[in-house]
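For reference, the structure is listed below as structure tokens.
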Amino acid sequence: MTNPTATLLISCPDQRGLVAKIANFIYANGGNIIHSDQHTDFAAGLFLMRIEWQLDGFNLPRDLIGTAFNAIAQPLGAKWELHFSDTIPRIAIWISKQDHCLLDLIWRQRAGEIAAEIPLIISNHHNLKEIAEQFNIEYHHIAINKNNKAEQETKQLEILQQYQIDLVVLAKYMQILSADFIHQFPQIINIHHSFLPAFVGANPYHRAFERGVKIIGATAHYATADLDAGPIIEQDVVRVSHRDEVDDLIRKGKDLERVVLARAVRLHLQNRVLVYGNRTVVFE
Amino acid sequence: MTNPTATLLISCPDQRGLVAKIANFIYANGGNIIHSDQHTDFAAGLFLMRIEWQLDGFNLPRDLIGTAFNAIAQPLGAKWELHFSDTIPRIAIWISKQDHCLLDLIWRQRAGEIAAEIPLIISNHHNLKEIAEQFNIEYHHIAINKNNKAEQETKQLEILQQYQIDLVVLAKYMQILSADFIHQFPQIINIHHSFLPAFVGANPYHRAFERGVKIIGATAHYATADLDAGPIIEQDVVRVSHRDEVDDLIRKGKDLERVVLARAVRLHLQNRVLVYGNRTVVFE
Amino acid sequence: MTNPTATLLISCPDQRGLVAKIANFIYANGGNIIHSDQHTDFAAGLFLMRIEWQLDGFNLPRDLIGTAFNAIAQPLGAKWELHFSDTIPRIAIWISKQDHCLLDLIWRQRAGEIAAEIPLIISNHHNLKEIAEQFNIEYHHIAINKNNKAEQETKQLEILQQYQIDLVVLAKYMQILSADFIHQFPQIINIHHSFLPAFVGANPYHRAFERGVKIIGATAHYATADLDAGPIIEQDVVRVSHRDEVDDLIRKGKDLERVVLARAVRLHLQNRVLVYGNRTVVFE
Amino acid sequence: MTNPTATLLISCPDQRGLVAKIANFIYANGGNIIHSDQHTDFAAGLFLMRIEWQLDGFNLPRDLIGTAFNAIAQPLGAKWELHFSDTIPRIAIWISKQDHCLLDLIWRQRAGEIAAEIPLIISNHHNLKEIAEQFNIEYHHIAINKNNKAEQETKQLEILQQYQIDLVVLAKYMQILSADFIHQFPQIINIHHSFLPAFVGANPYHRAFERGVKIIGATAHYATADLDAGPIIEQDVVRVSHRDEVDDLIRKGKDLERVVLARAVRLHLQNRVLVYGNRTVVFE
């Protein structure tokens, strides 16, 4: 599996012959498919597919694959993305004051669970700077207040560009991004500390406690302009009881948050997530 | 354990000596405690307790226990309920068109999992009458429309009284009860087909599908005038994926609904649920 | 989706071009694929695939599909099965004294969750005969003891043949089938009341209680001559605590057993389970 | 809750008046009970209780509580332990080559989730020494081979004594401790990377893969001379599928291991675990 692979994520109007045409393209060029999975959303009339093949022995050079595949995709009205497994994506982790998701992502990256580089941390606070130093990650402090948001977002975009960032992970970044920012940099995964759509917005654990729920959750989703309403990638839950006070919910929730966020980031980096409308197909 | 027991559910302002005073009351009268559990809600300054003891060898006759305990409870400002395990409660199951929760409750009652009688089914539809006949349960059809609700609720209350019903279980009864009805008959458990507070209201599975959640849930709670906002007794969840269409969510949800409702009814009948504010303590 | 479909389950040595060849076969004959999923077991060098397409508009008559596909499959060294969604399989449910899995399967079949006929119940006891009568299912009592097993198995095989049974579901049938029986009728799903391979054999709940586990489980698997060692289709678990006595484990376990068994039967009937070695691929 | 508390863990033959006598002892001395929970094991005829009260306002000085309570406990034939919440236990973490449980425990201790000091790490390998240095924890390398085990265990016991260790946490320490060692230092929590009693012994993930299970688990238990057979404190599980290779099971298992171990350590440190026979009561 250390063999480099190419992956296509494809969506198009459902029609006869799609699997055959796509598989033929790979076979005709000598590729060995190692993962092929498709989903049809009948209500939406949409065909969605993930197909991954070994580049070893594939006859097309990498820079021609896209053009060649487009000749097939265009007549089908297909949208598609092409990824190579040995192109290592670059992640910026955005944080506020809490360190558990940040540390967890760094550990996983160091342990080889997350195939990415983490060259950059952005925070609106100073308190976790030491962690960045310890792991030799650049740390940019960008304070946000009511008046400077637009200006600071411009700065953030510049830094993302400067570090050639492919994915922003909001690892408990307690600020809202503007629609304009997300429009300019749409590859953002956020962790929300509730089982969405329950407890949209601030202080979900306090509200979960007040509501007296018996289960709490966490949700990893792509960020959209509409807060906490983006396409969900992964969710998980844990049981709580009357004995759990707000602090206990927060503590138990942390364990959920880091696992759910890490799973979502990993799925995204393996190009297993296909967004359509406000939904995701997760090709596991 | 076939020995009959008495159970006290007590709540009062937190203060020194509560466990001792309550346990002494039972010990002084020769009772053998088989379950004693308490919870302190520090924020609310509230002490909550469940204590169960064997009546065999207890010196007080049943009809005097309440009076005797009140002498202790009153100075403490305590609210309390006294239950005997061999007083079999009488349940009315209310249904609309779906049978899975109804059948499940009947099966569990027949299997001895639910210690209650089920003498009455009320429905706003006709289609499940056969089930009632098959199990020799009285079936009252009470149609509800926009104009006759108040009138029909009066009729329902009369029937509940006539059958000496202790607990109403809304087993997928797709009608809203008025605040007035609930005020007059507050012992009502409802099953809501979502992980509350997500998807309050109608068609939760359709909305879960649209939102693209990765987990669905079910919630059993006491009915209150504010729809789907009553104290939660039990919740559970199951994973779903992009492959699950609305029909699949409904199918998977049914399995949750019947288990969650049955657990809640059982906990209630064993006097393990203590409501305070909009929360429950479940003494498992 | 009420459109009839054909499904191929295929396994063969991994090699280039498999997806293309299989998809081409369907496309060339005018079929519209609605589900296509494959898995490669790299360690075993094995390619496994499920592909389902609509028969409406497919150019090959049903009785020629197998022969036509075999021309493709044989050179690949492939094993395959072909199923039509409108061929309704016939199930025999085998039981001993417990009714919960039996009732559950019947309910689901009546509710349309399980697309099969249930013409036959076989039991080594008399006590559930009434249920068979109530649902108009034939009930054969075949008592098993130490001396008559071989003889009774012959009788059982005759009855299965007589009723044209496609699948035997051991719904808490507390007898062991001989290797010879399983060899002659291999399509058997069993529910074991533990999280296999924990507590193989008899009385798993008693042994789980003694071991003091904090979670119990249930396992649905294909029956093999080696007891409780067959390929696992589905498992699930539920938390227990020190408060749960053996009776509580049995009660909680029942809820697991019926759900796990029902899921496995449904997956099997939808031709989503492919066995290889002692493992299953479940194409969900 | 920052108020220091005392906690009694009590077990004795079941008899009338136990809750009253114990609660009276605390009330008579002016204590305010904040947690009181008991369990009766009817089969074993055993009463088990945890009771926690605030020391603020308690009339007995700490060093007399034990003696005073013994006057009550002895006639009852009770075994008991007394703990004070502001006596911070000292943990030694034992590791081999894997760092995930170690890092997790350190992180939780730093975050205040685990109320203990971690002055000591013991390992039979060198590779994680850096972590110890980074967090200012003493690191003792004690290599184990077939011939030096008894000798090295003597050394380990000396070091435990030297550092005044209260609890050993085997955080993926891949060596077996002798019965003699455990006899001399019985306070040991181990994490086993399977859902015990499934896959006792070595390489549980490899064996889980071979068995084709659909769920894997992790188990935290007290160490006993009989490997993997000690009293279970906590277990949890996660779903896997045919797509998960051994490496995926290991990766998913790591997330279980660290959470399950951390929960068990926390429960132990809060004196919520009472062992009797080979079972635990966990007073949550």
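Labels for the chains are A, B, C and D, by order of writing; each one numbers its residues from 1.
The rule we apply is simple: contacts are C-beta pairs under 8 Å (C-beta built on N, C-alpha and C of every residue); 3 or more make two chains touch, one makes a residue touch a chain.
Composition by chain, UniProt nomenclature: A, B, C, D = Formyltetrahydrofolate deformylase.
Everything numeric here is computed off the predicted structure, so don't read it as measured data.
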Report task. Please identify which chain has its centre, taken as the mean of its CA atoms, farthest from the centre of subunit C. Result -> D
Query raised in the report: For the interface formed by C-D, which of the candidate pairs A-B, B-D or A-C is equivalent, sharing more than half of the contact pairs by residue number?
Result: A-B
Report task. Call it same or different for subunit A and subunit D: same when shared residue numbers make up over half of all numbers used at their interface. Result -> same
Report summary line: Whole-Å distance, C-alpha centre of subunit B to that of subunit C, is 37
Query - Euclidean distance of C-alpha centroids - subunit A vs subunit B, Å - result: 41
Query raised in the report: Which residues does subunit C have that touch at least 2 chains other than itself?
Result: 42, 241, 243
Report task. Pick one for the touching-chains graph, please: line, ring, star, complete, other. Result -> complete
**Report entry** Interface residues, subunit D side, partner subunit A - complex
**Finding:** 99-100, 103, 107, 111, 113, 134, 241, 243, 251, 255, 259, 284
Query raised in the report: Where on subunit C is subunit A touching in the complex?
Result: 1, 14-21, 23-24, 26-28, 30-38, 40, 42, 51, 239
**Report entry** subunit A-facing residues of subunit B, complex
**Finding:** 39, 41-43, 195-199, 210-215, 217, 231-237, 241-243, 245, 278-282
